[in-house]
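As written, the chain order gives the labels A, B and C, with residue 1 at the start of each chain.
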């Protein structure tokens, strides 16, 4: 019943956005495309956060998806955009599944630091590998979409529609997951993994699932971005890229899927105008905004991480308790 | 030999971060930004000293004073004014708060000092060169090694031999117990954070003569301090020293033998440590408090 | 639980943005005929700003002012571009290739610029060139050096109004040979990206012909923007060589020189630097005397006297209180080339504002005079320029508190640039066949 309703809303959203796109100028279509693509990566982070892990390494899967989409044209001659996206997603998901058993042994800061370290290792590998373009990255030829080749007039719109469709499908699937048994258990794992274990479920398995979903979405995001931009570079795997995605995730909170895309759009608008109009103050504004969100938007962030009952201390006395980061 | 020089630099820079984590349980992502502020402040201080006609040796004092100035102004302000409001939250939340702080300080630095690089070469010239085992070593590098040793020794001495130091150790082990024993936790936090800021600013100040001080300093420093601190164990002074040596050695080896892996050799080591011994090399396994 | 409660909000936001965007685009279109909107992209922050980006931006501002007033010397004395007032939008090149792709798209599609002049970083050039072609908009690369742009692709709308890096290294090799510099051993240090790698490759290939017995000692490739070279200085100190070649530039070069000099690295080796003129004003007496340097063209202290050069140096000095360095010269070249192309296209199409295709057609194979010498768009099917250059040795003059160039040797364009039908690497490896030197 619920998933029927959300399916209907998803279809409606897709149709409205596609029609609205016809009215928008090319630069706006491109902006929305980029923000939706980023939104997918953020969605992955949000899924993971909701499942109990905080990642500063989403850039790794973003880069994996992007590079996969960039290399298959030259290595395998794959020109179709949809195919490239699928491949990018699968590659990222595969690597995510490979690392998941390792990562789920950790929590909190160590989980975050390990994802960060892994993404920086990939960054180093990509920067030094001349086969993969080195620090300059690779440029990609424009794809064909379902057989149609893209001309300069409609390229942005076609990519926009493709991105809208992929984003809506992904968003709907994620909301289905969130309402499913597995998704609800992920919430429980976030709250108190020990209790979940005692009740007989596997907290690690749930975290692993969340992590792999995060990786898949990161890969999709990277593949779409690669084709919209026409260029991939090692910086995609840098922790600063992951940091920006985390910022949007914090802004969006974990309760609503559309909030993720709205927050991503907001950041993209700010960023798009920032270089021209306020290059030296936009990060300041973002930082302040993030602090305010963390402080005042409990729905978005206040209950995002496990705060065990005895740790809820009156802020006036301000005595943090020793943390348990490890299982 | 340059592994040791590089390691000394790493140690000074990472000591503050590990101290702040040990006491406040905050992994400070803005540590690199404070390092950058320290470097800029030192550049300004040295330029001021030169323009006032003071002798070149005074530039070292100027740098030290600038680090103190940064610590005294920035430390309590950040700790009381900002971080204290988020105590009681999960450590990851605090990590995000420090990330927001990092974003803010990036732009503040740009607004205050502009986007052009600063060069502070006078102090480096002071020390000349030393011939050692057939290689010319910069005297300034030796000075840094000495400085790192001094910082480490002072920190160790204060923590282990003075009363206030032992109180800090107590707070590191168990803040609640210490509070119930009558320790003024808030004061310990402010002081510890300020010392952490001082060490970061000191690191920045004394690195300034070796590089061009420009935006983007903080990004590269944060990540490498993380590596050092994680490898050595969060909150452990000896760990920071050993971690610094390990990272310094890894990087030097890489540049000399296999330059291609230089960039990520450090992160490989960090990942390996996280995988095999997440507490770091020097952290004793803590009893789990349910 | 209604998962899509925020749909309404998003739609509202989208609608108001569309409204704003349409108003802006219409307003922009109305002014198009009287002005020529020019996007200029260069480093305004970061390690390349002080040495390249800012001098280039300064030169751009100077050109816009002088051109709009019509006070440049002939043949550039028409006001603006063919009577159209030049309106410049300055964009920071900092942030990496992917970001620059987005900024370029914004410039063409949102700000509706008629042309873009830009890009110091070779990586950025490689990333943005395909975008301009895809959007069918006119782009002039004014500074980046990698030869790959026109040797590995044939963009229709992209031009480069300065020689590429092959010239810098070929002229260095020729200078070493003609001055009989002893090279039994050589060390190399270059940045690990397109520019550094291509320069290193070109230099080594040239040396293989000129000094076949020279042995390579250290071959270092630090990251672009590294800034700290302690380990590299140690490695180089341990393997002293006759010459130390580097294509480092900007903040990196300055840092390397300062750190190396502090450790006495340059006492027993001759520095051979392909693009070093811009760090000289900042280093002054800290620059080792006798270093062999190029400026990627006959620029600044290596430039030849000419009326247009005198005018440029004088007006730049009076506007910015400093002497122009290579980036400033190359920006000027780009502006002059675009001005000639636009005016020539307008002469053909009856005085209307030319389309990107018309400007491109006019610029192809064109020739024009600049403060750095004559520029001929002779390579890359008429898209890539060649020019002459000069190499000299540094000498600090305490009296005037400036670094001067002594022992300057100039090279004609055809002496140090490959011919139109050969790739630069092939030409260098073959020993510069067909080169015309005086």
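Heads up, the rule we're going with is that a residue touches a chain if its C-beta (ideal position, glycine included) is under 8 Å from a C-beta of that chain, and two chains touch if they have at least 3 such contacts.
Just so you know, these numbers come straight off a predicted model, no measurement behind them.
Q: By mean C-alpha position, what chain is farthest away from chain B?
A: Most distant chain from chain B: C.
Q: Applying the document's contact definition, name the chain pair with more C-beta pairs in contact, A-C or B-C.
A: Greater number of contacting C-beta pairs: A-C.
Q: Taking the mean of the C-alpha atoms as each chain's centre, how many Å separate chain A from chain B?
A: About 31 Å separates the centre of chain A from that of chain B.
Q: Distance between chain A and chain C based on Cα centroids, please, to the nearest Å.
A: That gives a centre separation of 37 Å.
Q: Which integer distance in Å separates the CA centroid of chain B from that of chain C?
A: 38
Q: Of all the residues in chain A, which ones touch at least 2 other chains?
A: Chain A, residues with two or more chain partners: 127-128, 280.
Q: Among the residues of chain B, which ones contact at least 2 other chains?
A: 110, 115, 263
Q: Please set out, as single numbers or ranges, the residues of chain C touching at least two other chains.
A: Only 44-45, 223 qualify.
Q: Which bits of chain A are touching chain B when the two form their complex?
A: On the chain A side, the touching residues are 54, 102, 106, 108-110, 112-114, 116-118, 120-121, 123-125, 127-128, 194, 239-240, 243, 246-247, 250, 280-284, 286-288, 290-291, 294-295, 301, 304-307, 311-315, 318-326.
Q: In the complex of these two chains, what residues of chain B are touching chain A?
A: 24-25, 27, 82, 84-93, 95-97, 99-108, 110-111, 115, 174-176, 179, 185-186, 189, 219, 223, 226-227, 230, 260-261, 263-265, 267-268, 270-271, 274-275, 278-279, 286, 288-290
Q: Where on chain B is chain C touching in the complex?
A: Touching chain C: residues 1-2, 5-6, 110, 115-117, 119, 121, 124-125, 129, 134-138, 140-141, 210-212, 214-216, 251-252, 255-256, 259, 263 of chain B.
Q: Which of the residues in chain C come into contact with chain B in the complex?
A: It is residues 44-47, 49-50, 54, 220-221, 223, 225, 227-228, 230-232, 234-235, 237-238, 251, 254-255, 258-259, 262-265, 282, 286 of chain C that touch chain B.
Q: State the interface residues of chain C toward chain A in the complex, per the touch definition above.
A: Residues 1-7, 9-11, 13-15, 17-18, 21-22, 25, 44-45, 89, 91-92, 95-99, 101-103, 105-106, 109-111, 122-123, 126-127, 130-131, 134-136, 192-194, 197, 223-224 of chain C touch chain A in their complex.
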